[in-house]
């Protein structure tokens, strides 16, 4: 529900109404599909179906121009995202690894890539154009403290394709209210992603400021503290994940340049899958002291039950 | 055997004799390899080996110019396709999913992609050239009822890389004689694929008319009714698969444009794998009434035994 | 240790000192990471961690220009390679298949691809530039016996990105001293890879002479005799693997041309994985006579214990 309100608010604030329609169509169709299929453990899974479908519904009107055909395309993509969620859950279940946002990424890759061959679905200025990778010029000149703050909060809003520092701030407050851990990890992820880009010479004024080095790291850091026990070692792993996700974004951004499709949250998915697969060997132990700091004494029990 | 006759007939009819040689070389070498390896459950598996190898042998002379070197290359590719079939059978066995035509797709991707670096193997006009994806222009002008009928039957013949509506009609009759279900699904798949392309604005005169939006949907619809029980829910899933395979073709056609290799039947393989992985959650129940309609009362028992 | 000495010697001989620094940084950081993580079966696994990390440390200064930032980038990549090794070991453990050098390939792909977006990390003349695949011209004119001998030994030195026939000869002697089987397989692999390229018309003076058709085949042939029992059938499989790895190199070299990243040893990894997955169906029996020829009567027991 929190995510729903966030997206609704964000899209209205950004004046991009098609994104709201896409979001609602996808959520409605995916829920309908889940009910029609009479899925077994509805209560558990439908959240995941809805979340990935909602992301598809938010992404497609961002990258493709709105028209009646796109509305039908989104409905179709929402059903596909439910099937992909079921398929990936079964595939990854072999290693007890979660699909994360991979159903959204895979469905949206196919949907945006296919649009190049379909005349009734045109890309917006954000899609492509397809190009061969070029070396980035060094652009430290444009870096100001403003770049830094913008990048920090836009890194959080970019999780929902919204390029707006104020929306990022609202999301962060909502996250902190909901869970002190997730909120802290969002700040950690966005900061670490931003500094990783800075350290290796990512273009400041355009890429860093828009939070593109942050959004995968935000998701990655939150996911690590969700799947690993609350411990300092897990925080270190989350920081490492934030670095890896930022570099992976740069790699995937260039790898997907020739076909001309967006990275979406694939950098987060791939790097987090690697850490989840390696989980048993990393095995961090829960830290009571960290739990106290972040959650307070009374909430400690909750944290351990996660 | 039916497929063999179909390909033999089709290639002779099209006057492309190299395709027939390629087909025979691949079938002969793959069978020899299977015997040499003394494969365990020969009777079951050799059909699969032969089928994928035959497709490789049919595809390579279609996309690469015929010469003595290509004959050796096809023999090599046929052995590779047997190994890939064994490897994928073991890999996918974890989820009780069949390799379908993936051994053919993977082997042919490597073989056609490598030809760009090998001077003695040149592509035909059908291979590449490598290019960055471009938006498709809207071309509704060229759409006539003729486009429609051509697309319907060419969609069936394209399963074997044959671009000929009459051959498609022959294949369809052969399929219907062999199995009323497979024949019906071939019509359903080709129709749904064609209309999916039409609905989203695929270029009519060139792409739709040549059945390129149909052949993956034909295979997909037939495969669904092979792996799912005979039920109305399965027919609905087959229709959905036909839509998904058509859009996936458009996506893969553009994704593989920069490296310059063909889609082959990868759109069918990927979308059907997703549905097979999700099979347990989709669980359609057999429908006695549908069985009666399609098979007649006496054949009903056969259908349920599938 | 032998590999370490080989790389140290090779880089000093080639006058490319950054490669030696990269090698040492990666080995040091990966060992430190393995100790910090207190990995369970240290004695067994640390060899694998170190080997893949060392390859990453050798590859990055070969493809990216040396500076202080790159030193930090290599340290980061070394940690990533440890995580990827753990993740792939768990993933592939399902089928009892080893990760081989895939952790190195995957880590180095991400690291080199990301450099296109990072201004402080510039490619050397060996990286890219990104381009669409072009047909290769036939260039038999440049083929001399010298091409042949150069290709044979450079094919062995290229395993460590060193393009030097004398270094290849030293490596071969070291391999033969260490294990007669591995040494023989290195010769077999380099020869078969070279002749495969020759047979299908690979550009002689540039590509074949530099051993690019050999290094994956060398690794593949050695790996087959490591994982399959010592038997004539295994030698035949190793020769087949050498052919497949050479063609796969040509395919991957063109497939990775648009994004502009190197093949590394991916051709070896993919083809060997296919054979390892199919291992049970290939099941060659150990040959006592071959063991005698290659190992002498007294060493036979060792070979069977492998």
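By letter and in written order, the chains are A, B and C; residue numbering begins at 1 in each of them.
Here, contacts are C-beta pairs under 8 Å (C-beta built on N, C-alpha and C of every residue); 3 or more make two chains touch, one makes a residue touch a chain.
This one's a predicted model, so the numbers in the text were calculated from it and none came from an experiment.
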Interface composition of copies chain A and chain B: same or different, split at half: different
Turning angle required so that chain B lies on chain C, C-alpha fit (0 to 180°, nearest 5): 120
Whole-Å gap between the CA centroids of chain A and chain B: 35
Two or more partner chains touched - positions in chain C: 94, 132, 258
Sites on chain B touched by chain A in the complex: 94-95, 132-139, 197, 199-203, 207, 240, 243-244, 247-248, 250-255, 257-258, 273-275, 277-278, 280-282
Of chain A, residues touching chain B in the complex: 37, 39-40, 69, 72-73, 76, 79-80, 83-84, 86-88, 90-91, 94, 109-111, 113-114, 116-123, 128-132, 258-261
